[in-house]
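Two complexes are shown next, each including subunit A; its partner changes from subunit B in the first to subunit C in the second.
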Partner chain A sequence: MEIFTQTIVNGIVLASIYILVALGFALIFSVMQILNFAHGSIYMVGAYVCYYLVSSFGLPTWAALLVSGGILALFGVFLERFGFRYLEKDFNRTLMFSLAVIVFLQTAADITVGAYVKRVPSIIRGLTTIGGITLSKERLVTCVVAVCLLLLVTFLIRKTVLGRQMRAVAQDRDAAALQGINVHRIAAIAFGLSSVLAAVAGGLMGSIIALNTYMGSAMLLRAVTLVIIAGMGSVGGLFVSGLIIGFIDAVLPIFIGGAGSEVVALGFAMLILLVRPRGLFGQAI
Partner chain B sequence: MRNKKLTLFVIVLLATTVITLPSLAFAQKKIKIGIYAALTGPFASAEIHQRDGAMLAADWINEKGGITIKGEKYLLETVTEDNKSTAEGAKTASEKLVNDHKVKFIVGGTITYINLAEGAVTEPAKVIRLVNYVGLMPGELTPETPYTFKVGPSVPECIGPSLDYLVEKFPKVKTIAMITPQDGAEIPLTPLVEQAAQKRGLKLLSVVAWPHDTVDFYPKMTQLLASKPDAVFVVHAYEEALVQMVKAAREMGFKGPIPVASYENPYDIVDMAGKDLTPPFWSHGWSHDVNDPQLTSEMKEVIKRAEAKMGKFHNWNLWGWNQVMILAQVIEKAQSLDTTVIANTFRKMDSIKTVFGPGKMCGEKTYGIKNAVCSRLALTEVLPGGKVKHIKWTPYDL
Partner chain C sequence: MSEKRQKLNVKAARKYGVYAILIAFLLVLPCLPTSGPYFIHVCILIFTYVIATSSIRTIYVSGQATIGHAIFMGIGAYTSALLAMRLGWTPWITMPLGAVGAMVVAIVSGYFFSRTRGFYFSMVTLFFGVAVEALIRSWVSLTGGRAGLISVPGMGVINIPGLGRVDFIASKVPHYYLLLFLALVTLLVLYRLERSRTGMNWMAIAQSPLVASSIGISETKFRVIAFAAGCFFAGLAGSAYVHYSSVLSSSNFDFMSSINLVIFMLFGGMTHFAGPTIGVIVLVVIPEVFRSLRQYAPFIFGSVMLLVIFLMPQGLAGLFQIVKAWRSRIFKRGA
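So, the complex of A and B:
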């Protein structure tokens, strides 16, 4: 029973982190039609920024999460304003640009901060017993923070003027512009918001796992898988696909060895691409 | 006017001669040592420190006057190439070192598939290569690799001493479960662990292999703990992974001993997994306490120099230092720069000073060639409360 409950909690923790990252990735694609493969690297940088805010500036972890989110939001806006904005009409160039950003961030991290093993201090440490089952407080808090942030962003996208503007730009960029929406401003906000999500996810995950400069690659793969399964434009779909992949990653390694869970997750994504290219919940293209 | 010009010319000529002559007359001969290390990629967090250790050792030897060969002094010069943590990167790095930098000596090497890729370049070129680790994969170290020498203890050597301490300290422990990376080395390592466990009256209940890109160790630890072992035996890991394994095991309620048959730094594990969660835990990493009388004078020298130059000592500084320290002794003993002469001399050396203490040539039993240096293994324990303590040295043979 204890193993079962721990696995359920673990599946939800992984799912919530995956959804945070995937939501940012999907947001940029929806608003700007850009596959920002540097999103995983932003997640990695967010984790390191959070670590240094705690270790070098003495911030408590929760404050470091907020500040690192702010810093990476500015970085996201900077990337959009001085990089992607000029390339947005050209898929190949945006792809190459995002790959270049990955190499730049990865190498910069390797050279500057990658030499020692680090971990973001937990917001809360220790174990708690719920109904006779021992659980990590750190994982429970990570799960709660991630779910709250997801609900907040979902509310922002669905219920606010800004969210409506984002959805309008995502549906038809030219029509949105004709309605007086400043599409560049919306794109910059989308980039900033997506970077906040990646940075906070990195900081949260950085207290569960040890930091490394290549941690973004695995997370990017998960984000892309989630988006493929969910389909574009479906926030609810991302929640479902996040839970699917989170549970595949939490449960399958218990029963099968090696990278079996990745094979299953990617196999599922490939199947979706073949039989239902718009994803389980995406709109028809 | 003409005399003035002539005088000026003579003065300039004399001055130039005075300045350049000493440097020409005393131009120091140099021996170039190639270092291949992962400066990027997943193994960078360890191998960067190995490179630093090798460079510190070169400085240390140079400060003492360098190496003397047939009455001539040679200083050591290091050149590093990044193996990028990949086999392709390792091949390219080795080719650059051998073909572009023309090095005859290379140090580095801790990952099995990277060692194999590097050996494919260095052996045909007759370049002496000192590796720290051999994972028992075919081709890593055999009679067909006469220019490759293993100078550090590998995981197989740690298995016995780790389990000996387990039986000694926890006599009630009867079962173990093994967790190891899925990199090919788990195939030869598993029967070794099984035999070593049986020999000590222990039963190996389960084996779990984890891929190098494992994000979360909870599922793997769930799988491992499902067999209800008395002890979790970590056979090879790197620190990022080990921290997660220890945390996951403890958070899932496992309170038994966690012996580690590897060299991971116990201080980092305590720092990141927590001083309450880590013990009972031990590994074959080394104490950082320069006042510990069990540390060799060279170990203390590495710790002091690393702290002075890099701001922080890292376990792997010792590995890099050890390689250059041994290489310098061998070249001096051979009194030659011919790599075949040096390799033959190396195999015949009765005693070698390693950073960990006295060593000797070995390897015939295990690798079929006397191309390994055997010295002694440290065993370092994390005590209740998080204090790290050197427990003992154990000599090993191969």
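So, the complex of A and C:
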């Protein structure tokens, strides 16, 4: 029973972090038609910035999360302003640019951090009991923060003027520009927002598992898997696919090991792609 | 008319002359006094990557942007290494079998993958690559798991009629010639394929699958052919390299290795046949030249990438066209 509830909680925590990262990836893809492979590296850097803010500057963890989000947001805007903006509509070059960004971030992380394993201190320690089930508080907090952030971003995309502008740009860039929407500004905001999501997800993940410099590519892969299963342009679908993959990653390693569960998750994604390429909830392509 | 033909002949002779000089240079290279074992090692690495990257370009020419190519190198390498280790066959037989194994997997998987197009094809190949890599990692009894295989049998000592005893164990130079030979054969075959009717069909499919199928080009068939041909040579690269390095680990064929192959190709330029070769040479040599910088070397690598991205939209091979345009402009002005 104990293992059962712990596994469920783990699944939900993993799922919420996956969804955070995937949401940012999907945002950039739908607004700018860019496959930002550097997203995983931004997630990794966000986690380390958070770690250093806590360990070297002595900030409390929640403040470190905010500050690292802000720093990475600036970095995301910088990438858009001085990189992706000049490479519009050239798929190969945007792909290569994001790969070059990975090279830089990964190398910088390897030099500054090296092979040492770090861990962000958790916001709250200790255990709590809800309805007879014992849970660790840090996982609970992680989950709550992630879900709040997700709801906030969903609200931003669905209900505000900014979100409406983003959706307009995603639908038709030229038509949106004709309506007086500043396309570049929207793209920069989308980049900043997605970087914030990745950085916060990194910080939250850093308080649960140990950090290493190669966590970026694994998370990138999860983000892509989520987006594919959900279907392009479906925010609600991300929640479902996030829960599916989160639970596969939380439950299956107990039975068949980590690599085995990866095979199952990716096999599922491949099956979806081959049987229903538009994903579970995507529009027809 | 005959004058024109003569001019063409001169042009062709000049072209083949350049190739002949290049090949002669590569043949003499290991005999030069400046070439130490390390230099030979880098050359072998370059030849392996030339095979793999040229083969990925073949798949891209048919409009299939695969990002799981490294795993087919892995399939070739593991097939060859396991056949040689478990059944004790000589690597001279298992090496081509490794390539064939990669091709068989490519035909079966490519048939299913050809249901998807464009971005979705990229994603399905990405997932396939990572899933197979994870499978190799988790199948410990067969593949050694994360630790991988060690002491894969080498090419040994053989007697080649005309050349006498060739010792692959004592020196790296025979490996150099073997990989050089394989790279040249690969380039030749892929070039002929691309310029054949099949290659024209690939380009038609890449431009518009709908129009291509309307004039009777079977999209599935030719896409699978392109995928299988590309993966055959990827398998060859993997299996040829594993008998040289004699160690094998699944981490050599993970997600980032596939991405690396794509970087090599895009860096050199996809539009030109020589693009991947140029990209591999430059990108393998740069980190070696800046080895004294140790961990800072990737920054140079990244900076060169940025330069090419922003200054040469067509990749390095795009320089050919720029130079050609310049020459013709100057020529016109002079006349």
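The rule is simple: the second predicted complex is superposed on the first by the 283 of 285 C-alpha atoms of A that agree within 3 Å, B and C clash if a C-alpha of one lies under 4 Å from a C-alpha of the other, contacts with A are read in each partner's own complex, and residues count from 1 in each chain.
Keep this in mind: a residue touches a chain if its C-beta (ideal position, glycine included) is under 8 Å from a C-beta of that chain, and two chains touch if they have at least 3 such contacts.
It should be emphasised that the depicted structure is a prediction, and the values quoted were computed from it without experimental measurement.
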* With the two complexes superposed on chain A, say which partner A:107 touches: subunit B (first), subunit C (second), both, or neither. => both
* Asked: Between subunit B (first) and subunit C (second), which does A:149 come into contact with in this model arrangement: first, second, both, or neither?
  -> neither
* Considering only touches as defined above, state whether A:6 meets subunit B (first), subunit C (second), both or neither. => first
* Of the partners subunit B and subunit C, which touch A:37 in the superposed model: first, second, both, neither? -> second
* To do: Scan A:225 for contacts with subunit B and subunit C and give back first, second, both or neither.
  => second
* Asked: After superposition on the shared chain, which partner residues are touched by A:235: those of subunit B (first), subunit C (second), both, or neither?
  -> neither
* Which holds for A:136: it touches subunit B only (first), subunit C only (second), both, or neither? -> first
* Of the partners subunit B and subunit C, which touch A:20 in the superposed model: first, second, both, neither? -> neither
* Asked: Where on subunit A do the contacts with subunit B and the contacts with subunit C coincide?
  -> 106-107, 110, 217, 257, 259, 262
* Residues of subunit B that touch subunit A when the two form their complex -> 39-42, 44-45, 48-49, 182, 208-209, 211, 213-216, 218-220, 222-223, 225-226, 239-241, 243-244, 251-253, 268, 272, 274, 312, 314
* subunit C - residues contacting subunit A, complex -> 112-113, 115-116, 119-120, 123-124, 126-128, 130-131, 134-135, 137-138, 255-256, 259, 262-263, 266-267, 270, 295-296, 298-299, 301-302, 305-306, 309-310, 313
* Asked: In their shared complex, at which residues does subunit A touch subunit C?
  -> 35, 37, 86-87, 90, 92-93, 95-97, 99-100, 103-104, 106-107, 110-111, 217, 221, 224-225, 228, 256-257, 259-260, 262-263, 266-267, 269-270, 273-274, 277, 285
* To do: Name, in rising order, each residue of subunit A that touches subunit B in their complex.
  => 2-3, 6-7, 10, 14, 106-107, 110, 114-119, 125, 127, 134-136, 138-139, 208-215, 217-219, 249-255, 257-259, 261-262
